[in-house]
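Input: structures, listed below.
Presented sequentially are two complexes of chain A, the first with chain B as partner and the second with chain C.
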Partner chain A sequence: MKEKPWKPWLLLSPSLTAVFLLLIVPVCFVVVYSFWLRAPSGMDIPAFQFGNYAKFFADSFYPVILLNTIRVALETVFLCLIMGYIPAYFFYRTESRLKPFLMILVMLPFWISFIIRTLSWINILGDSGLINHLLLKYGMITTPLPMLYNEGAVIMGLIQYLLPFMILNIYVSLDGIDKSLTEAAQSLGCTEWQAFREITLPLSLPGVSAGCLLVFVLTCGTYLPPMILGGPGNEMIANLIFKRVIGTLDWPFGSAISVILLLLLVIIVYTYNRYMGINQIFKSLSKG
Partner chain B sequence: MKNLISGWTLIKLYTILVYAWMFAPIVAVVILAFNPQQFGTFPLEGFSFKWFVKLSQNSTILDAFKNSLVLGSLTAVFATAIGVPAALAFIRYEFKGKEFLNTVLIAPIMIPEVILGVALLLFIRWLQQPKSFALLLIGHVVLTLPYVLLIVQARLVGIKREYEEAALSLGASPFQTFKEITFPLLAPAIFAGMLFAFTISFDDVTATLFWATAQNQTVPVQIFSMLRTSISPEINALGAVMIVLTISIPLAAGYVARRFARGNTP
Partner chain C sequence: MGEDLKKRLDDVYENYRNGNITRRDFVKFAGIAGAALGLAGGPFGLINKAFASKSITCHSWGGTTSEALRKFAFDPFTKATGIEVIDAAFTGMDAFLTQVKASYPPGGEFNIAHLSAVYDYARYTDLGFGVVLDESKIPNLKNVMTKMTDTLRGITNGTLSAVPYDLGQTGIAYNTNDISKEKAEELGASLLYDKSLKGKLGSWGGDFRTNMWYAALHTGQSPNNITDVDAVWDALTEQRSMMKKYWASGSELMSLLANGEISATVAWSGRVAALQDQGHPIGYLAPDGTYSWMEYMYVLKGTDLEVAQKLLNFMLAPEASIAVAQGQKYPPALDPTKVEMPEDVKKLPAFDPTGKLNGYLFADPAYWNKHQLEWAEKWDRIMAGA
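Entry: the complex of A and B
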C-alpha cells in the first residue's frame, strides 16, 4: 500500500494554521508595534523609530529590573537544582513499592493552579502565617519576622512552581543510565561515591542542563510571584510588561519591553540548542 | 557498608524534607479554609464550612466557575481536535521538514505566557475586535496545543501500525478499521490530551489576565482580583475547592484509563 504524500500535510494543516495565525503573526505584531510612537493623546502612531528602546536604556531604572530578573532567575535555578537533584536521584535508585505514588506526588503541584500555589506562601510566611505563629507561640520571637514581600518570598513562590520541572528533567536523564555501568565500576573497586561522581553525575548532566534552562526561561516570563509575594523593589521584567499593557495601555513601550525579554530568551535558548540540543526538554515534558 | 547505608538514609530524609516543603503551603490552604475566624490565619480555632457556604452564595464566583468549566471543556475539545491529527502525522509519516515542524509546534512552550498574552491581545486590537470569550478560547487553544501534542505523541509511539494493516488485509473497510482498531487504540491518548488541555486552561492565570474581561472571568482571575484586598478565608476556601478539583480529575482519569486499558486487552 503506497502512502499518499499529501496525507501528513492534511493532518498537520489545522495545527500549523493555528500556530501561524494565532502565534507567529501576533508575535510579529509585537515586534512591529515596538517601533511605533505613542501620541500624548494615547493614540498609537505607526512609525519606525527606536525611541521605545532608547527609553528603556535611557537611565538605570529599567536595565536594573532586567538585571534583577536575571539574578532572581539564576538564584531560582541554583536552588531548584540543589533541592531537585537528590529527590530525582532517590527516584532513580529506590526500589520502594511506593515509587509510582511518590512520582505522582511530584507531578501533583503541576495540576494545582499556579495562583493558588503562589498565594499559599502567604499562609506560611505572613506575619500571622504558620512560621511566625509557631515562633511566637513558643516564645522564640516577640514580634513577627518580616518574611513576606521580599525577594526571598518571591523565590520561594518560584521554586514551588518550578521544582517539579527540574526534578522531572533530572529523573528522565538518570533513568536512561544503564545501572550496570555503576555496578561494573563498583566491582572494579570504585566506592559508591566515586561511581556516582565518575559515571552517574556526568551522564545526568543533559537532564540537569535541560532543567536549568527550563527553570530559567519560565522564571524570566512570570509576573505573579513578584506581584503577590514581592515588595516594591522586587519587580521583574514581566511585571513591567503587564503594567504597561494592562495598566497604562502604553502598547508601543510594552511591546518594546516584550521584544527585549524575547530577545534575551531567544539568545539563551539558541546558545543552549547549539551546544546541548533542545529535544531533551521536550522528552522530559512528555512524561508529564 | 555502614557509611553507604547512612548516605542512603540522608538521601531519603532530604527527599522527605523537599516533599514537606512542597506540600506544606498547599496543605495550609486546605486547613485554613475550615477556620471559622474572620482572618484566614493560624491558629486554627474550630472547624466550619462557613466559608464554603459563603462561596456558594457568591454569584460572581459561581459565574467564574461556570466560565472556567465551559472554557476548559471547549479548549480540551478544540486543542485535541487539531492536536491529535498533527501528532498522528508526526508519528505515522515520514516527510520533509518533519523535525523542524515538530519543533515549531512544540517550541511555544518556551515562549513566556506574558508575551503570548500581549501578542494575541495586540492582534485582536489591530483587528478592532473587543476582548471576548472567543479570545480566551483561541488563546487557551494556542497555549495548550504544544502540551497536547507532546502528550499525545508520547502515547502514540507505542501503537503499532501492524494492527491496522492486519485488519485491512483481512478485509475490513478503512472505516471499519478506524472504528474497530484505530480509534479504540487512540482513545486513551486523546483522553490524556483532553485532560491535560482542560487542566492547563482551568488553571491558567498568567496569560488569561491579559485576555479576561469583567464579563469573562475565570476562577484564577477571580482569585487574583480578590487578592488585591488581602488574603481572606474565602480565598483559602476557593483555593481548597480548586485543589481538590484539579487533583481529583487526573487521579480519576488515571483510574478510568487503567480500566479502559484493561477492557481493551484481550
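Entry: the complex of A and C
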C-alpha cells in the first residue's frame, strides 16, 4: 500500500498548531520586545537596539542573580536526586500490594495548588509555626529557630514542588530494567551492593539525567518559592523578570532577561541532548 | 464596535491607496481587524452583546475590600437596576496595569478599577486608558471632598476619569508586645531603622515609593522633594540588613504581623484597623509626614459610560459609601462637613473631620513618576543586596 507521508502531519496538526500559537509565537513576541525601548510613561517604543542586553551585562547585579539562580537550581537538583532515588528504587523493588497506593501518594501533591502548598510552609517553619511551637512548648529552645525567609526555606519549597518529577523519571527508568540481570549477577557472586552499583545504577542513569534536567529547568524558571519563602537576598532570575514586567512595566528589559534565561536553558538542553539524548526524557515519560 | 472597526478599516484602506502606509502594514491591520471582528462579531460577540448593557466589571483589592463593595454597593445596585456588577480582584496595581496594557484594544476588556494613589491616575491617563466622565450624571459627586476631586482634575485638564472613593495612609504598624507606644512615638519614622529590631522588621517590597518615603523622613527630608537621594539609598541599604521579610501583599502583611513574625513594618491603615478589630496586639503610628493616599474608581476606555456613571453615582450615595467604609476600614471620600458620619467611621485611621485634608501629605505624581524607572530599579538592587 502506498505510504501517505502527510498523514502523520495531519494527525499532529492540532498539537503543532497549539504549540505554534501558544509557544512559538509568544516566544517570538518576547524576542522582538527585547529589542524595543521603554518610554518613561510605560509605553513601549518599537526599535532594534541591543541596549537591554547591554544593560544586563553592564554590571554584576543581573549576572550575579543569574548565577545564584543556577547555584540554587543545582543544589535543588542534587537534593531532589538524593531524596528521589531512594523511593523510586523502593517502588522498583517492592512487591507490596500497597505499591499503587504509594505511587498515588507521590502524585498527591499535584492535586493541591502549588501556591497553597508553598504557603503552607509558613505555618510549619515560621516563628509561631508548628516546629517552633513544639520546640518552644517542650523547652528545647528559648527563641524561635530562624527557619523561614532564607535560602533553606526556598530550596525546601522547590523540593516539595519538584521531587515528584524526579521520583517518577527515575522510577520509569528503573522499571525498564530486567530484574533477572541483577539476579544473574548475584548468582555469579556479586553482592547486592555490587549488583546495584554495576548494573542497576548505570542502567537507571537515563532516568536520573532526565529527572535532573527537568528539575533544573523548572527551578530556573520558578519565582513563587523565592517570593513566598525567601528573604532579602534570595531573589532568583524569574523574580527579576516578574518585577521588570509587572512592577516597572519595562517589558523590553524584562523580555531581554527572559531571552537570556531561555538561551542559557537551550544551551544546557542542547548539551544534554548531545551527550545523553533528549529522547530519554520522552522514553521515560512515555513508559509512565 | 463593528461600525468603529469598519471606519478604521476604511481609513487604513484609504491610507494604503494614497501610499501613506505599506502593503505589509495594510495586510497586518486587516488581519488583526479580521481576527478582532471574528471574536467580537461571532459567537463571542453575541455573548458580549447579550451582556454588554447588563453587566459591568469592577476590579478591586479582593479580601475585605471587595467583600464590602460587593455587599454594600454592587449587590444593592444590581437589585435596584438589574445591571450585574462583575466583582473581580487584581493581584496588585502594577499587575493590573500590565493586564490593561496587554489587552486589545488597550483597556477594552476592563471597565472600572479601584485604584490607589494619584501617581497611578496619572500613569493610566498618560497611557491613554482614561475617559471623560459626564459629571451631571453623577450628582452624588457633590458630596465628595473638593480637594480630592481637584487633585484628579489637575491631572486630566479639569475633567475626571475617576471618582474619589476613599482614603488611607501607609503608616507604621508595630507589635505592642515588643515595642511600647512611647518608644514608637519617640522614634517616629526612625522606628523602622531601630537596630534593636534587627531580624524583626518588615516592609513592602513591591513599592519603592513607600520605602523611599520613610527613608526620606528618617533622614530628615521631604518625601516629595528628596535633595540627598544617596542618603535615602544608604538608609535603605542599612535597613535591609535588619529586614526579615519584604512582603508582597496585604494578606501577607497581616499574616506576618498576626503571627508575630515581624515587630514593625510600614502598613496600610485599613489592614491595621482590621488586625486591631481581630484583637491582635498591633499599634498604629502615623508620624509627621505619613504617606497618605486616596483611592478612586477609575473608568477605563471602552467602558459603557452610561452604566459606569450610574454605578458610580450609586456607590457615592452616603448609605452605600459609608457602609463600604465600615466594611473595608478606610474612611470614605465623602466630605464629613456635608454628610454626617457614624462614630466608627470617625475613628478610622486617616479620617479627617474637616474634609479639607490639610496636613495630609500625598505623593506628588509628577515627581514620583518622573523617577519611577530609575528608582524602582535601584530599589530592586538594594532589596537584592547589591
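In this section, the second predicted complex is superposed on the first by the 268 of 288 C-alpha atoms of A that agree within 3 Å, B and C clash if a C-alpha of one lies under 4 Å from a C-alpha of the other, contacts with A are read in each partner's own complex, and residues count from 1 in each chain.
In this section, contacts are C-beta pairs under 8 Å (C-beta built on N, C-alpha and C of every residue); 3 or more make two chains touch, one makes a residue touch a chain.
If you're wondering where the values come from, they're calculated on a predicted model, not measured in any experiment.
S.K.: Clash or fit: chain B and chain C on chain A?
M.R.: clash
S.K.: Between chain B (first) and chain C (second), which, if any, makes contact with A:C190: first, second, both or neither?
M.R.: A:C190: touches no partner chain.
S.K.: Is A:K243 touching the first partner chain B, the second partner chain C, both, or neither of them?
M.R.: After superposition on chain A, A:K243 lies in contact with chain C alone.
S.K.: Once chain A of both complexes is superposed, is A:G126 in touch with chain B (first), chain C (second), both, or neither?
M.R.: Both: A:G126 reaches chain B and chain C.
S.K.: For A:V269, decide between first (touching chain B), second (touching chain C), both and neither.
M.R.: Only chain B is touched by A:V269; chain C is not.
S.K.: Quick one: is A:L181 in contact with chain B, with chain C, with both, or with neither? Answer first, second, both or neither.
M.R.: Touch status of A:L181: no partner.
S.K.: Identify the partner contact of A:M43: answer first if only chain B is touched, second if only chain C is, both if each is, neither if none is.
M.R.: A:M43 sits against chain C, while chain B stays out of touch.
S.K.: Please determine whether it is chain B or chain C that touches the greater number of chain A residues.
M.R.: With both complexes superposed on chain A, more residues of chain A are touched by B.
S.K.: Let me test your reading of the model: by the given contact rule, A:P14 touches which partner, first (chain B), second (chain C), both or neither?
M.R.: Only chain B; A:P14 stays clear of chain C.
S.K.: Report which listed segment of chain C has C-alpha atoms clashing with chain B; options: 97-105, 115-123, 151-159 or 349-357.
M.R.: 97-105
S.K.: Overlap of the chain B and chain C footprints on chain A, residue-wise?
M.R.: Residues 122, 126, 128-129, 228, 245-246, which sit in both footprints.
S.K.: Which of the residues in chain B end up touching chain A in this complex?
M.R.: 4, 7-8, 11-12, 14-15, 18-19, 21-26, 28-29, 32, 39-43, 81-83, 85-86, 88-90, 92-93, 95, 101, 103-123, 125-126, 138-139, 141-142, 145, 147, 149-151, 153-154, 165, 168, 196, 199, 202-206, 209-210, 219-220, 223-224, 227, 231, 235-236, 239, 242-243, 246-247, 249-251, 254
S.K.: Help me check something: in the complex, which residues belonging to chain A touch chain B?
M.R.: Interface residues on chain A, with respect to chain B: 1, 3, 5, 7-12, 14-16, 18-19, 22-23, 25-27, 29-30, 33, 83-84, 86-87, 89-90, 93, 102, 104-105, 108-109, 111-117, 119-124, 126, 128-130, 133, 137, 160, 163, 192-193, 214, 217-218, 220-224, 228, 238, 241-242, 245-246, 251, 254-255, 258, 261-262, 265, 269, 278, 281-282, 285-288.
S.K.: Within their complex, state which residues of chain A touch chain C.
M.R.: Checking each residue of chain A against chain C gives 38, 40-43, 60-61, 64-65, 122, 126-129, 146, 148-149, 227-228, 231-233, 235, 240, 243, 245-250.
S.K.: Within the complex, which stretch of chain C touches chain A?
M.R.: Per the stated touch rule, the residues are 92, 94-95, 97-98, 101, 123, 126-127, 199, 206, 240, 243-246, 248, 255, 259-261, 369-370, 372-373, 376-377, 380-381, 383-386.
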